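For reference, chains read A, B and C in written order, and residue numbers begin at 1 within each chain.
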Amino acid sequence: MTQLALRDLRWDRARTMRLLQEYGVYAGVLALVLANIVLTPNFVSAENFRTQAVQVAPVLIVALGMALAIGSEGVDLSVGSVMALSTSLVALYLGYGPAVAILVAVAGGMVVGLANGSLIAFIGVQPIVATLALMVACRGLANVFLPQLKDVRDPTMASLGSGSVLGIPYLVLIAVALALLVAFLVRRTTFGRQLLAIGDSRPAAQLAGLPVRRVLIIVYVVSGALAAIAGVLATARLTASDPTSLGNLMELSAITAVVVGGTPLSGGRVRIGGTVAGAALIQLLTATLIKHDLPPSWTQIAQAVVIIAAVYAARERGRR
Amino acid sequence: MKPTVRLRRKSDPRQTEQRETDHRETDRRKSTPTLLTAGLCLSLALAAGCAKSEDDPSGAEDTGKDTNAGQEVAQPSGDQKMCDLKTFGGKELDLKGATVGFSQSEKEANPFRIAETASIKAEAKERGIKLLTANAQSQFSKQISDVQDLISKGADVLVIAPLNSDGWGPVLRTAAQKKIPIVTIDRKINATACKDYVSFIGSDFVEQGRRAADRMIEATGGKGEVAILLGAPGNNVTTERTKGFKDRIAEKAPDLKVVFEQTGEFAREKGQQVTEQLIQSKPGITGIYAENDEMGLGAVNALKGAGKKPGEVQIVTIDGTRNAVQGIVDGWIHGVVESNPRFGPLAFQTLDSFTKGEEVGQDIVIKDTEYTEANAKTELGKAY
Amino acid sequence: MSEPVLAVRGVTKRFPGALALDGVDFAAYPGKVHALIGENGAGKSTLIKVLTGVHRADEGQVVHLGEPVTFGTPLEAQHAGISTIYQEVNLVPLMSVARNLFLGREPRNRFGLIDFRRMHRAADEALRDLGVRVDVTRALRTLGVGAQQMVALARAVQVDARVVVMDEPTSSLEPREVRTLFGVIRMLRDRGIAVIYVSHRLEELYEVCDTVTVLRDGKLVHTGPIAELDRLRLVSLMLGRAMGEVRSEGLTKFSGDHDAGGEPVLSARGLRIRHTLHDVSLTIRPGEVVGLGGLLGSGRSETAKAVAGALATDAGEVLVAGAPVRTGSTPAAIRAGISLLPEDRKAEGIVPGLSVRENIALAALPSLSRFGLVDEERVDRIVGTFMKRLRIKASGPHQKVGELSGGNQQKVLLARWLAMQPKVLLLDEPTRGIDVGAKAEVQKLIDELAEDGLGVLLISSDMEELIEGSDRVVVLKDGAVVAELAGDEVTEDRLLAAIAAHPVDVEGSQR
């Protein structure tokens, strides 16, 4: 009889792991919010939630592109540098007005994505290598374009960074709109379906006549564009263009958000809702530790724990 | 980037045409990324070409010129250890005809490094001395080989802004064999002064922290709660600026409590994010001590975003960049303690005296000024 | 009879939405070869997975040497002396043959490092015992599938197994290799090892097995000595149909000849790929099933892939209905109406993580979309139609294809291509690794499709299937066409004669 009981227990564990992997990130966000409501003074205020949302917006936008890249069984390490490139382009072109500057910055990000995608799709360079090369190149280029921090005084940029509609900051609105757009792209379009198939089984997708190269290039162009938009928004918020430090380690934050959100690194699946929650989870975690004035190393340790938990949950699934 | 380079070579259109006959398919496939890569380079080159950036209302005049003379020795050199040619073991030479090698540690991407390099260059020009420069781009191994390069290129004396304090043994030995006098600036090397190198010229970061504390006490009246935006963790500048600040607060204003210490990693964005969290969770904060100007400016951004008014939260920072001093003028920042980057005059003067056979100090602490409401407007031009 | 080495009693295993095993008893005895057969979804794979610790039974017991046990992992089962050789060889392709043989138990020298000399010698001996001669220092993946399988078998024998489970071991072997394998199985049996043998090839069961257990729909149908059961009865037990019905339908589902007339719907001329294909030409007329015969490595799959644009050719042209198709481009071939069902269904065919629905719609997506947006209603319609028409068994259109049985996966792939309304279907081993019932269904489908006017190219290692299914057979050897049989010539004798006409030089990797 003990055996039977044991079996039940194990079965329950397997089910728990599956549930954890599917909904763990949402539960984590909820738990953190609840804990903060109890423990953190002044946590329950519109201003606070606005702050968290604004801070997470650029990370989230980058993570959306990263989710696509990871879904295609790749990765885009160049996103942080693309943000830097984008901020330097904004500063360089602001003389023509903010609209032109933003367009140029986003176009720059897309060009980088095009280079990433071409290296990967046509030459067959592994994504990690191709995007690493572009990561180094773009950071260098950004610093050549703009060797040091430059203030951005344009009022349109400033209001983009700090303005709001009905109490919701533009940054948050833009991030939400982009998340919905990418979710739509993944779920409803031919491109999304093809992307998942390519990520799951490249040989099968190839033999099924899918436009593998085109899809891969689009993935990286979109990722580049999103990173550039994140760069523009971060610039607007900082009211300064700082290509040396902007976007540093952003690729890791984005990968963390995606992985914690339940998108497997092995490709074939993209969870946009999970990615949003993953980004929120990391943001809340950081905020909690800062608000309680815990040593910064704790933040890193806490992040590591979350990542390990996410990878562990994913591993359970892989074993079946 | 290897494949890119190779492809760019292949992108010669004539070559593509020639091959087209037998390997049309493969070439078509390969020439597409070629074109894309070439296009990328071209478009990015163009991007810089037709750029037109925002006009700078503050008028960015050259920082290195008339302000270059602004470095003084903080202490009289009499009460400390000295060094001369006899002890060091070199021979006299005239700095005028000598070659000076300068090894910079980080790329000139922040105001401090820019002003530092500019100052060295300007002083060399003024004295008519041949200057060789190198930049390690924050890689220590590169700095070591940079210094070796400078020596082999015939530098008679060296000015080094070290990236690290340790690991200089082999290079110093090479230099010692050739009896090349070395002056290190802004950071110290862990080696014997007057044997492995001549002098160190730099700021006293602990003292900077103390002075920042004085400013903070003055601004808050010695009461209330203050937050510290720490610099990058594990950096001696961070530890020393923190130590000086806390010691002085404990000593002079026990009613002023440090309630919050989080790193802003010396970056404006991080300083802004941390301050945003801070003013949410501790709305009653009276003062913010930022361990560099950039984080302080980030804090100003955060306060503006939260609808605070200038002066509601007192901010004290260290460095003395133009933006921060402008912040004083605008009323957002209470005081800025300068960390003087203009080592040029003092470094060359030290080397000049030394090579002539005179005594120089082993540890030369430069005098850092302060910017407050009283002098910010007039001294703005001096800020870097 | 002695005690069983490994047995299960009253084992039940449920999966979401399906009862995979329902109170099954099974026992393997030392020195016996025990056949385990059944249709798709009968529960063979699940039973094996329960026996080898991959799955845990929901009810019932696993009994090992008389003791009830619970294997938590396949490794625990391995330590208990149970070795499994799967259909798809699961070794490490990039490591050497010897490393694979000794993976996890490499001989060590006194420094604790791997003693390569000793390992290579031992590996060489172990393989020679099984009649396989390969360079054991080569990477496993450079070997043919058959040789890889022998390595897997050698590994199983090496670990002092008491029970060896073989899941379709012959599905990718050449006849000569099958003989070797049977020799090894008999050797194992004589050593007192219990062999559990899963296969769909009836001849093999009668040749090598002592006992047979038939499963159907997760239930035990029959267990007993195989000699007491004739082939027809065995088939009827598996299919759960009356004897007469089976007899009347014959052993394959092919009707025989089709009316093939008119201009060729596909003609390939002078296809060349270095070291692989030498001037291969063939034509297929609408409504015709053309078989592609030959031994393993004769260039059959490569021919199909070259025609479908999946392999770049050095020379040659492909025409569909007289119009030239750009070679070396899968999309171009698909647009022209060529569809390929690849040999390696799992790696190149299905997209395992996507649903049945997405898999079926995959190739046809652009035509099921408007302005890049998928028209979900049309997809549902098409998927519904084909799931019904091809009788795809799944819990629903949203089940992951990776969870389906082989036969149903193959049907999903067929559906994917039929949704494209192709002119030519290239079928590379369409019935390999799927059970008798699904095999018959697929065969019948091929027949129907040809009758509807499709041109079909059929590659099969199953002689019976090739001969009964094809109107014409093109025989390949070493990448060149050596014979073409049509009409009454399409017989087993003629085919064998054609293949054997010249001394067969099997590729080095198979030796």
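What we mean here is this: contacts are C-beta pairs under 8 Å (C-beta built on N, C-alpha and C of every residue); 3 or more make two chains touch, one makes a residue touch a chain.
Which chain is which protein? Per UniProt: A = ABC transporter permease; B = ABC transporter substrate-binding protein; C = Sugar ABC transporter ATP-binding protein.
Not measured: the values here are computed from a predicted model.
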Taking CA centroids for every chain, report which one is farthest away from chain B.
C
By C-alpha centres, the chain nearest the middle of everything shown is A
Can you compute the centre-to-centre distance for chain A and chain B, using the mean CA position of each chain? Integer Å is fine.
32
Report, in whole Å, the distance between the mean C-alpha point of chain A and the mean C-alpha point of chain C.
42
How far is the middle of chain B from the middle of chain C, if each middle is the mean of its Cα atoms, in Å?
67
Pull out every residue in chain A that's touching 2 or more other chains.
none
Residue numbers of chain A touching chain B in their complex, please.
40-43, 45, 47-48, 51, 54-55, 89, 91-96, 104, 108, 111-112, 114-115, 118-119, 122-123, 125, 133, 136-137, 141, 143-145, 147-154, 162, 234, 237-240, 242, 244-246, 248, 287, 290-293, 296-297
Across the complex, what residues on chain B touch chain A?
1, 3-4, 7, 29-30, 32-33, 36-37, 39-40, 43-44, 47-48, 51-57, 107-111, 114, 230, 233, 259-263, 265, 267-270, 272-274, 276-278, 280-281, 283, 294, 297-298, 301, 304-306, 323
Contact residues on chain C for chain A in the complex?
56, 58, 68, 70, 308, 310, 330-331, 333-335, 340, 342, 347-354, 358, 361-363, 365-366, 369, 372-374, 416
In the complex formed with chain C, which residues of chain A make contact?
3, 6-7, 10-11, 188-191, 193-194, 196-197, 200-201, 203-211, 268-269
